[in-house]
């Protein structure tokens, strides 16, 4: 009897404690608490193409052009622009009133330095700067690009959210060598990164940039007016899918940027929550390292691609049918360039043929180091399934678990697999990233200068150049198909399937989540 | 650390003063087997070991076989298993399946092998290491100071931190993990042995043996070790229990056995992300883990009570 | 007295040296090149070479140890490989949550375990004694994270009394701080309570057999008085000792508990550092915790002077 009333009293006391503290917390500024897709450790979106860093980039930086919902580039920081008839000379003037977070105005010198750094890392940027003759300032507010041959996709390159977007940083920051990470995070975007409150592994704090002048148009994709309706955004780092689900169910966070698929059923049916679709369908790929054995041999690489079982992989990772579908094209299945000319690749496993290929190629049993990001809830189920599939195909597999930021660092290493390098890993791409050969970063054949995996394939590069130069839609489609076949034939990578990444928000509390090619956090309102 | 330490229940034994004789081990064993705790803990352990060894015949399938379509089945569900290799068969998922469709019962049963092996291996390694260090420290005065300082230093590093640091430095494998868990347990065993040696050395028959130039090894094995066997066995069982738990914790943190080896810790680590929806992923291996550790601990308590009655008054 | 203090403190120095040596060797002997880890991709061999010289990696192991220790003593704990912040700064950021959790756990433990142990000793051999000791063995055997998840499910999700995760800094108020720490502290205390209760029971039971207790009872002092003022006080030494030794258990438990409850303390930092092989961070945290352990045990030894008048040096 005494015990029961004690428990009662304890309960009441705790609830009272709770009410008191929540009340006091809500009184202050409008704080939006978001759980990002993974921990943010690398803060330089030019140095890495990791999505979480890109999300951070869109908070803190602005771009010359954005991409709207229909996929068209729209001017963002740029006011007016012209291009010569032969697409060799491009002139741009910046909008008035653009300023960095330290108050200094954005000048063409900053733009040129930023583009230069971006052009050293990003694959489309490399291509653009390779064809570029010169880029020069025209006063403080304008700049001009002159190309050696006509280069059509200038706006697309400057606007694209795929790979590394061309974020504009102050010149002093952009002068950091491209193979070193920046250490100053001043930008000109709608949010200010609060470095003093940044606690790695715990939370990232952004404040509304009161001095930001959004465009007058309504927001669309990464273009239009980037209006901010909250005072402060906190990225609360929660690495465990269960903790994420618990936290939003309990109201301790307002939004899960990437819903953990295991909890889809509970989160979708919870009356206090709402699932929203913030980006277009994405897709997963198995990436191979062609720089070191054994995948430097295209036959062995092709055998690995043959081991893929799309249905099993997608089901294992996404669990619910609503959240995934198989797609054998390397481009998104609903997009204009999608094609079912996929040579031998069916998305279903072909273990016998793979084994035959391995024997032909003389595979000596070297274990394949498959990197496994154990903490990334949207990626960590794929490697175990892939490892078993590869084993069935006759490979020896060494699946190594690490956290996602470590994987991002390790994939930059060109050493042998047993000396800190790697042979394979799986990652996801957004729909806008895989739209066409120009945007799709891993579709490279220029060896060590290319994307991780450093595939060396001159034919592929030729096809890409032809694609860039071509203006005829039918020719482009044909070339895109040829590129697809070439990529699959050489075992460059393997498409694993498409997914719908949903966000979860607190119903009636959070609104305004935009549909865009990437996760963007402006326009969000919180009650 | 001090010359004069207050009476602490560090497990320091006050062994019998008689020399080891042939009759003692047998009567000790009989006494031990009559103790209720030894029976309870021992029999549970025997059943678990039997279960682990009989794994293939207990309604199990390959514990690593993945079938995403059979994912997240509740305990008792019957379903069709389509392995990635293309085989199909009917299967009763006794304890349900995890998110990748692997049979939890199979994983738990095969996981028992890993956990029990790790427990025993760690205990053996820790005892061996501790015996060597303790004997050396107790017998050779000159080594005593240095060795005990090193042991104190090792004890100052929390065991789990030591284990995860070592596993981080070298790659995780069964051997690395066993070594990593065993090393922090060595100091306590060493202290035990050392105090036995120090006590026994003073005995007249030992002094006589030394005076007669008996080789140190003979003195150690004939006079000193037999007096230490009892507390060593007790200490060993506690180390075994602790090791099984630590292995689970290491796996839970993500620095344990490679993910493709089914261990209770790995099963729980993978199951934790959907605990509220499918608690069986964590609770089933959790119950087995608790049961095993409990059994070993109870066995240890019983052995301690019987092998040296003076222990029963002291704590852990 | 002062001489004893100084001697006792001086005795910790060789222990700390050994700890430093072990921590240094564990990681220095690990495979992999720290210079390459810091510089990342595309680093030219010239750049790697210069960083190696900078870090002193070209010197022999004993020299490296010397340099490393010298830096340590001057307060330079190095810079994290990945987080671009000084290790000392990171530890300072994370100390408060861990310290709060440890302190609250200690308070819970002592408040629960000591009375339990005294009770069990008083009713030595009875059903209460057996039940309590049975529960304590159970406490040793269930992994902390299982307890944690069950508590979160029951108390936070089903009953809604407490938050499921996170930590509120003290500066934001005492109530939020307490609310976030109650469940983690309970989870962590269970194993500690098991240990302390057992030792308390053993020590008090032994004290109760001593002559002075018979004398006290004969003098007509109440049972409560006997227990508290005679038995417990004389049992204080072993209890306090095991509290000190148990700190190692506590530190290990903190790592797991912080992971379960997403508390941004040193435990989680350790796990992050280990998963990313961030060696300077791992080294510094291990040293820090070991130092705390040595310090606490030093305080425990010194407390004997207060607790046991028979001990004089």
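As written, the chain order gives the labels A, B and C, with residue 1 at the start of each chain.
Note that a residue touches a chain if its C-beta (ideal position, glycine included) is under 8 Å from a C-beta of that chain, and two chains touch if they have at least 3 such contacts.
Treat the numbers as computed from the prediction; the structure is a model and nothing was measured.
Each of A-C and A-B has its own count of C-beta contacts, and the greater count is at A-C. Taking the CA centroid of chain A as reference, the farthest chain centroid is that of B.
Centre-to-centre spacing of chain B and chain C amounts to 22 Å, using the average Cα coordinate of each chain.
Chain geometry summary: the mean Cα position of chain A and that of chain C are 40 Å apart.
Between chain A and chain B, the centres computed from C-alpha atoms are 45 Å apart.
In chain C, the residues that touch at least two other chains are 149, 157, 259, 275, 277.
Those residues of chain B in touch with two or more other chains are numbered 254, 272, 275-276.
Contacts with at least two other chains are made by residues 240, 242, 246, 374-375, 403 of chain A. Contact residues of chain C toward chain B in the complex are 8, 11-12, 14-19, 21-23, 26-27, 29-31, 137-138, 140-146, 149, 153, 157, 195, 198-203, 205-206, 237-238, 241-242, 248-249, 251-252, 255-256, 259, 270-271, 273-275, 277, 279, 282, 285-286, 289-290, 293-294, 297, 301, 304, 308, 311, 313. Partner chain A is touched in their complex by these residues of chain C: 32-33, 36-37, 40-43, 82-85, 90, 93, 149, 152, 156-157, 159-166, 168, 172-173, 175-176, 178-179, 182, 259, 262, 264, 268-269, 272, 275-277.
Touching chain C in their complex are the following residues of chain B: 1-2, 4, 6-9, 149-150, 152-162, 164-170, 241, 245, 248-249, 252-255, 268, 272, 275-276, 279, 282-283, 286, 289-291, 293-294, 297-298, 301, 313-316.
Those residues of chain A whose C-beta lies close enough to touch chain B in the complex are 240-242, 245-246, 260, 262-263, 265-266, 309, 312-313, 315-316, 319, 349, 351, 372, 374-375, 377, 381, 384-385, 387-389, 392, 399-401, 403.
Residues 64-69, 71-72, 84-86, 99-101, 171, 254, 258-260, 272-277 of chain B are the ones touching chain A in the complex.
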